[in-house]
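Before I ask anything, let me first share the structure, which is written out below as structure tokens.
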Amino acid sequence: MIDKSGYVHYFDFSNSKRLLAIDANLSRKNNPSMLLPRLREEVLEANLELVRKGLVLYTFGNASGISRDQNLVVIKPSGVPYETMKPEHLIVTDLDGKIVEGSLRPSSDLPTHLVLYRAFPEIGGVAHTHSEHATSWAQACKPIPCFGTTHADYFHAPVPVTEALTDSEIASEYEKNTGRAIVRAFEKTSYASVPAVLVANHGPFAWGPDPAAAAHNAVILEAVARMAYFTINIDRAAKPIGGGLHDKHHLRKHGSNAYYGQAKEKK
Amino acid sequence: MIDKSGYVHYFDFSNSKRLLAIDANLSRKNNPSMLLPRLREEVLEANLELVRKGLVLYTFGNASGISRDQNLVVIKPSGVPYETMKPEHLIVTDLDGKIVEGSLRPSSDLPTHLVLYRAFPEIGGVAHTHSEHATSWAQACKPIPCFGTTHADYFHAPVPVTEALTDSEIASEYEKNTGRAIVRAFEKTSYASVPAVLVANHGPFAWGPDPAAAAHNAVILEAVARMAYFTINIDRAAKPIGGGLHDKHHLRKHGSNAYYGQAKEKK
Amino acid sequence: MIDKSGYVHYFDFSNSKRLLAIDANLSRKNNPSMLLPRLREEVLEANLELVRKGLVLYTFGNASGISRDQNLVVIKPSGVPYETMKPEHLIVTDLDGKIVEGSLRPSSDLPTHLVLYRAFPEIGGVAHTHSEHATSWAQACKPIPCFGTTHADYFHAPVPVTEALTDSEIASEYEKNTGRAIVRAFEKTSYASVPAVLVANHGPFAWGPDPAAAAHNAVILEAVARMAYFTINIDRAAKPIGGGLHDKHHLRKHGSNAYYGQAKEKK
Amino acid sequence: MIDKSGYVHYFDFSNSKRLLAIDANLSRKNNPSMLLPRLREEVLEANLELVRKGLVLYTFGNASGISRDQNLVVIKPSGVPYETMKPEHLIVTDLDGKIVEGSLRPSSDLPTHLVLYRAFPEIGGVAHTHSEHATSWAQACKPIPCFGTTHADYFHAPVPVTEALTDSEIASEYEKNTGRAIVRAFEKTSYASVPAVLVANHGPFAWGPDPAAAAHNAVILEAVARMAYFTINIDRAAKPIGGGLHDKHHLRKHGSNAYYGQAKEKK
């Protein structure tokens, strides 16, 4: 699948969708007027993908999605176990963070997600984890260099690290200021061609045209971070790849001349 | 869930409790007068959580819990396989280590647990493992620096390492002296805000308001130890995070102004 | 099993073959004239082995096989999930890459596979992955030294790394030029006794007398790459093994005097 | 369980024994005169334990056991998949390696096992793997220092590494000379208190009073090797533990004053 913005989606919904259908039917019966039932399922599924791929411990991590038509965001509740999470547990808020539907507290990182949805108009989903290798690069306050084609396939530049927040940025509106620091890290880099960032001393955020793509990019980021870690521990002087190879691999997968994956189908 | 001491509990008992209910019913039938049946289940479950999260090999590790009302401790027996352990296999002792109920030997680390229960009056559970990254920091006799918010969320300072025991402390009352060395490492640090320690050349102990929280903190400690390991192998000169960020993250989760997780419910 | 070219096969087809038999019967019923049904099953199975052994994420990686009688190659389609892949999804092409049977796009790395089939006349299968340790050596542009007998059992020299492609080699016929760079890396090394290579800044390719052996060699390469990584992180000055031990182990498993595994049986 | 030689056994046979009982009954029906049926089951089970604990890839590794009464050894066949291995596939040989029962080739490392059974009269089982961290220390030709109590609990000194074999030792009787190099490494160390060795540039051998203990020690060795690896990558100057702590932990588990595990029971 290649969607209209040129992103390639490899995400296989077939299995999870089938399983979720049961809950979703149930939810609709119990709560026929629940807002955004399909986006809720996509956001729940994106959260579960982070668990399945080993990116989260306990209740760490959160993924969200946005309906651009309605300007409403669906996000995971805070501190609720993934094992028992259902679409109706998710929270619907507006772009100011006001809860529109839901009885639980939203993830405490919600304000960061909202800043990204406002600043990056083409994204449809955001995922945040403490996945261990991406987080370790963030803890070392180092961007992830592009050492190979796996990185180039997904990220068309090093994955940047934000500047540390000042004490006053931490003291007030901490989560919103985290979002602003991310936006500043993309002043000279396209958020569409580098769909992830490392928040200094904290961990990664990733995004994409929908929640599934955001989770997928978070998974790839961790794999890329692992291999960059191994690479520098083989050779501290390892050099990033040249621009020609970087462009070749990125454009093999993305954009109008992409020739990886199956041709775009009309739905 | 947030309990009355301000600790947040993320531990999901739903599944394990159901499974244990069968054994517990059985136990009570077989042994209707068994002491502390609920604490036994909590201690068994905490021991099994260490297994499920990959912190123990074979019969390594041990978790215990205390009834502050009755001044009785429940602890895992020594060298018994986890697969077949049942609540009635656990040992009940008083705070001097005298066996009150149970036909098996208690874990050989029992005297260390008892010193902690006496010195740290607000804790309700203790967990000891040889989890590999926390143990490796203990083997290197280095405290774990706070490199990021994952650490700050749980431990409000570096995780300290004890001083090595002297030969005479090893020769006599070794396990009790291990506990005393732990207590000395907390002379200037609050055991409530840093609920874990590295015993030099040995391995970690963690604690919390109940056995589940102790096991949970042992799991988080291992994750934090892994990421600190990766961080210094990315950059030997990596710097610990500033106090402002440390406070922010710790207090986001703990204490009266916490806003992570769902609001405290009355039981 | 030892086949007529002297390669030893440890690959256990028993389980997978049984499972595949169902699909294969189905396929043949649906499409009785499908070309090369047995090679399709072998190629599918080789692709699945890469997944089972943890060498691929999502749709990464690809394995192929060749019928030397018919000069036809069977390869995985590009970007299709492994979970739902069936023999009839695979693509049959000639040695120029012209599709002979199949409605999906072949893997974008097909031209690299074809160069290898032309240049290395005794191979029957090729596997390409981004397995993390082999890829990390490729990203560091370092050959994998032979530090021990595990390496020597399979690879009778260091695993070589290709030279980086020039910008003009990248700009035009990139995948074919990748194959040519591999062939150049074997000018002084036998592709039969070192059945794998690292493509600089990209990842490993492995091969063998059939698709199963190619996948098997890709799995072993990753294990050897992991242990070489650990070895240099124990001692940066670790020395490769001597020629006597290297020969001994390689010839214990391969060639006419091999005495590892069970004696060759006539089929 | 503590057996009469003072070794502690943590190995839980309960599950595997039940499963094997089916095969064993079957075997006995098919082959009522099969030699050493119980030792065959123990050796098979020890081999499977190496697989379950992640110490072997494909058909790597081998475990054996000896009947001291009959001077007969039972060992795994060479290059046969573990998944389909049954007690009747194992090979029975005398101490010269002459096959007494069995139609398959024994493991090619048999002569090494036989040297150990002759030189170390109290052992009842031997296990050899290419487990990745122990093998990496062997590839670096470095003994594993005793950095902590996990090591001390099982190995009462550093785990030694053999000297490299000379070219003439490799050229003739290679496997027997490997055994002799192991024996030489124990001239000043007790094989009973350090039940494992690293063969230079090759991998580990472990042993114990029976096949289960040999496999158990191979598993512990890998865990100890992993943690020693992490320890030196935290601090290259990490120091081995003192003799007092080493003795304390070793003797807490082994010998007449052991107080770890449950008291020895008469069978």
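Points to keep in mind about this one:
Every chain is named by a letter (A, B, C and D) in the order it is written, and numbering of its residues begins at 1.
Just so it is clear, a contact is a pair of C-beta atoms (placed from the backbone, for glycine too) under 8 Å apart; a residue touches a chain by one contact, two chains touch by 3 or more.
What you are looking at is a predicted structure, and each value in this text was computed from that prediction instead of being measured.
Looking at the partners of chain B and chain D together, they share no chain.
The minimal number of chain-to-chain contact steps leading from chain A to chain D is 2.
With rounding to the nearest 5, the Cα superposition of chain A on chain B corresponds to a rotation angle of 90 degrees.
Shared numbers divided by all numbers used gives the overlap of an interface; between chain C and chain D this overlap falls below half, so the copies present different residues. Taking the mean Cα position of each chain as its centre, D sits at the greatest distance from chain A.
Chain A and chain C have Cα centroids separated by 33 Å. Chain B and chain C have CA centres that are 47 Å apart. Residue positions 233 of chain C each touch two or more of the other chains.
Every pair of chains in contact is given here: A-B, A-C, B-D, C-D.
For chain C in complex with chain D, the touching residues are 8, 10, 12, 14-15, 147-150, 216, 219-220, 223, 226-228, 230-231, 233-235, 238-239, 241-242, 244-245, 248, 252, 259-263. Residues 57-60, 77-81, 83-84, 104-105, 108, 130, 132-133, 135-142, 164-165, 167, 170-171, 174, 201-203, 229, 232-233 of chain C touch chain A in their complex.
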